[in-house]
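My structure is below; once you've seen it, I'll send some questions.
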């Protein structure tokens, strides 16, 4: 698309119609408005994360830090468990995303075949799980019986894939022209080869999408840590942050104890610290959203 | 359509097979886990018990494990922490603590229970949970005779402060489950902006009428001197003092609203819902009047606190209102010298950080037309601590627990260790009593506040005498929290009553509904089950009082 | 997907010839690929499914499902007979309806707008920025928004006062409360939601744009006749899924904005159930409420799916 659009833009430069102007104004207007409306509150988050309490507690907006106080970052980053849990989370996100995408592709591909018998029944089987679940207790018992507690796999297996990602992938596959597969089959390709050689190269946008979903899910998950893992060496980042923030923060009057008050500063610092990697991943995935991939495949 | 159905059926069939096959294996799992408690306190716990007995026989010197769950935000203890080691050595135990997330506390607790896990010691926040815990086989019996025998120092204090119901609080179906503690509860204090009062040449008010005068001046006479009429008198945290002036207990809670689930114990020793009391209409009339006059900040609806520590009042800190309500220690540990930072509480430090010129003074709660006054206070009988069935069936655990309880009442050095930790590391001893050190320590992880019993009367008198004395000096009458005996009629309708009341109260204060709506509201409240609930609680409470009288 | 019907017509006859086992053998490669995924759903989703029985019990965790007493529809009756149930259900439905009306099309619009932007750097930056709010929790977002809408300090109200108008307490006024919920949800979800559409847009055959240009189509026409039609399948799928969320209000969001002043318009099922749980362990009751919500969701998804099939051939299954 990038390739195609460039000459079109050049051509248009000669004569821009009123329509071009209107579309541009609308498109740029909408996007600009959104970007500003998001950046401003976000700057507040960043400012608070590096400001002393006196700034944080002042009502009104704090878009640019005026006084600096990195105690929030210091408190969190000096926690022994913090960096280790960072590593565990990176591993978890990588392994979880890779296995999730792989299994999603394997499952979505056959289900995209319109001639596969029992396909609709299987789809129902999947969709049903998106709306009904047995709840926390039976799941906990299951995981205990499978001996997954205090096991790294507990971060991967019980949330391997989601029905939603599966459906989106399947739909993407279905939108690909069937002619591609037919011609490959004529060349003697097996089903696996069709998936790997024909579908996969065409599926970068959808793979980028579901990778992002899985990755973000794994990055943010901490309930499974709390429920199933008690070993410190397996703690994930978000859980460590939760415990740091929760430690000593109680509104209970009966406790009668002037325990540590974790300020907003610290919360925001935790938020910023945990956000950095996930924000950095996006630009890498982004190129798959922009590249037009049909071009090459049609030629081949 | 037919073929769709066929496919559908096929799919269903697959899932049905799946379900049955899994149900097969899961039901066997279930049996394993459920058989245990089904056979009373036998089953799994018994197996565990036997195992333990064997080990205790084999290695009698091994310390017994005692797992605590005190607060909603406990964290696991670090086994190498000094405080943990000291406590473990003293009671010959291996101390552990559960970490349960506060946000979904009950849910997470249930999951652990279902998995057959339980702590040994469990603090019950709300008495209404006791029947569920007992019936569910989680909380075990702890006979009063055993408590009296193994924790004589505790029993002595409890007897001394018994209001007639202390020993009956934890009784359910004729058996005792756990211990309660006689607490030193300080009522809420009224904090004024002293610099505002001084600027306008006003004295700290004492009566409700004087309150109105001063608060009106805060609205009209520009106390912050910025030339704009942008100040109000108070917001929702001071509501409880206005109700107190009419003899009623009112709790507004951390999030703006009214805690209807907390009843009041009348002077005749009969519990009632303060929110439908006829005098509540007078308090509401006053609040509505003040709202109209601008005395009550219009933004009380979204609350004085804008996030962060619950007891911070951002409206107060930012000079929008000149009166707020909090525990004395939130702002001050003493009034010896207000310029000394060491005497400042958490909220005071934040206030000074924001506005170094801000000064505060604590005043008395307003006296109403009938001479009544007072503010909200927490339980006098509180920190309801139970032993689980797992611990109750192990005599060594019972002994260790009761020894820890007794020590908290008998040995003030220990009590200080459990609550405040080590001097120089976790707290600093000042002329005004111990002050917690905030920087660089993780109290809970290092074993502090993991096995304490809170600010009990002995603790308050001996460990923090300065703070206690000061707290009571600056506050007056307290409307203390009442431990509602658990009854079905009450817990079934309380959410409905809560919604009904909060809605009606906010509407009447802001004038969305006229004050006369109060009578309609009371009718609705009673009809929605409020009357039956009140009656059931009264009967249950009377029965409790009578039972201990015999 | 368009071809589904045509091909589907041939399939059953073949299938009936081969029979169940025959099919399994004939399509064995496909079924082998399905094994890991289906095994996952079977073990981790259907495995704990027996827990739904808790909704019909007075469940005690330690006693388990086998040991707890069966109470039939007691918890459902309790929910339906509550005097606030009707108003709470109504609020939930109205807020969901508004959200579908506003928050569902918004990411599509954003996707189209992004697609029209030719400065690649700006486009990339805008995309990265747009999905940031997804990561901030509602506690933080609501704090910022309440401050932004404050009648005394909020920029909007300062503007209103400059114009000689009375300030409006948006968050506390029943009239504006649902609007606040919808707009804040829009702000938080629009960027994240647009990702799936952006992925679909990349699948559009560029030759189609060229062909349209040859025919003298302007940019509006290209959007309407090339880009949008390419998005229809994914829009349909997303809409079917969205229709299932009608009763699944966002607790975190509503709870952080809700005050007693706005109960009458903003109290939804989850916030009300939360208040019911203050007093007691309500495991069975909450399971029953969830089951009720999920049954409704499932029926709605089935119905929407059916209608989608009837009208435009695109559907989930």
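Order as written gives the chain letters A, B and C; numbering starts at 1 within each chain.
Going forward, a residue touches a chain if its C-beta (ideal position, glycine included) is under 8 Å from a C-beta of that chain, and two chains touch if they have at least 3 such contacts.
Everything numeric in this text was worked out from a predicted model, so none of it was measured.
**Q** Touch graph of the chains shown: is it line, ring, star, complete or other?
**A** Its topology is that of a complete graph.
**Q** Can you tell me which chain lies farthest from chain A, using the average of the Cα atoms as each chain's centre?
**A** Of all the other chains, the one whose centre lies farthest from chain A is B.
**Q** How many angstrom lie between the CA centroids of chain A and chain C, rounded to a whole number?
**A** 16
**Q** From the C-alpha centre of chain B to that of chain C, how far is it in Å?
**A** 37
**Q** Just how far, in Å, is the C-alpha centre of chain B from the one of chain A?
**A** Distance between chain centres, rounded to whole Å: 38 Å.
**Q** Residues of chain A that touch two or more other chains: which are they?
**A** 59, 117-120, 122-125, 128, 137-138, 141-142, 267
**Q** Taking each residue of chain C in turn, which ones touch at least two of the other chains?
**A** 8, 43, 46-50, 61, 65, 140, 147, 150, 283
**Q** Touching two or more other chains, which residues of chain B qualify?
**A** In chain B, 15, 18, 26, 30, 33, 107, 110-111, 114, 306-307, 320 touch at least two other chains.
**Q** Provide the residue numbers of chain C that touch chain A in the complex, in ascending order.
**A** 1, 3-4, 7-8, 10-11, 14-15, 23, 27, 29-31, 33-34, 36-38, 40-41, 43-52, 54, 61, 65, 109-110, 112-114, 116-118, 120, 122-136, 140-141, 144, 147-148, 150, 153, 187, 190-191, 195-196, 198-200, 202-207, 209-210, 213, 218-220, 223, 233-234, 237, 241, 244, 283, 287, 290-291, 294, 297-298, 301, 316-317
**Q** In the complex, go through chain A and note every residue touching chain B.
**A** 52-54, 56-59, 117-125, 128, 136-138, 140-142, 144-145, 223, 226-227, 230, 242-243, 246-264, 267
**Q** Going by the contact rule set out above, which residues of chain B touch chain C in the complex?
**A** 3, 6, 15, 18-19, 22-23, 26-27, 30-31, 33-35, 37-38, 106-107, 110-111, 113-114, 116, 118, 126, 128-129, 132, 135-138, 230, 256-258, 261, 298-299, 301-303, 306-307, 320, 490-492, 494-496, 498-499, 502-503, 505-507, 510, 512, 528
**Q** In the complex formed with chain B, which residues of chain C make contact?
**A** Against chain B, chain C makes touches at 8, 12, 42-43, 46-50, 60-67, 78, 82-84, 139-140, 143, 146-147, 150-152, 169, 171-172, 259-261, 263-264, 267, 272, 275-281, 283.
**Q** For the complex, give me every residue of chain B touching chain A.
**A** Checking each residue of chain B against chain A gives 4, 7-15, 18, 26, 29-30, 33, 71-73, 75-76, 99-102, 104, 107-108, 110-111, 114-115, 125, 183, 254, 306-312, 314, 317-318, 320, 327, 329-330, 345-346, 349-350, 353-354, 378-379, 382-383, 419, 435-436, 438, 441-445, 449, 454-455.
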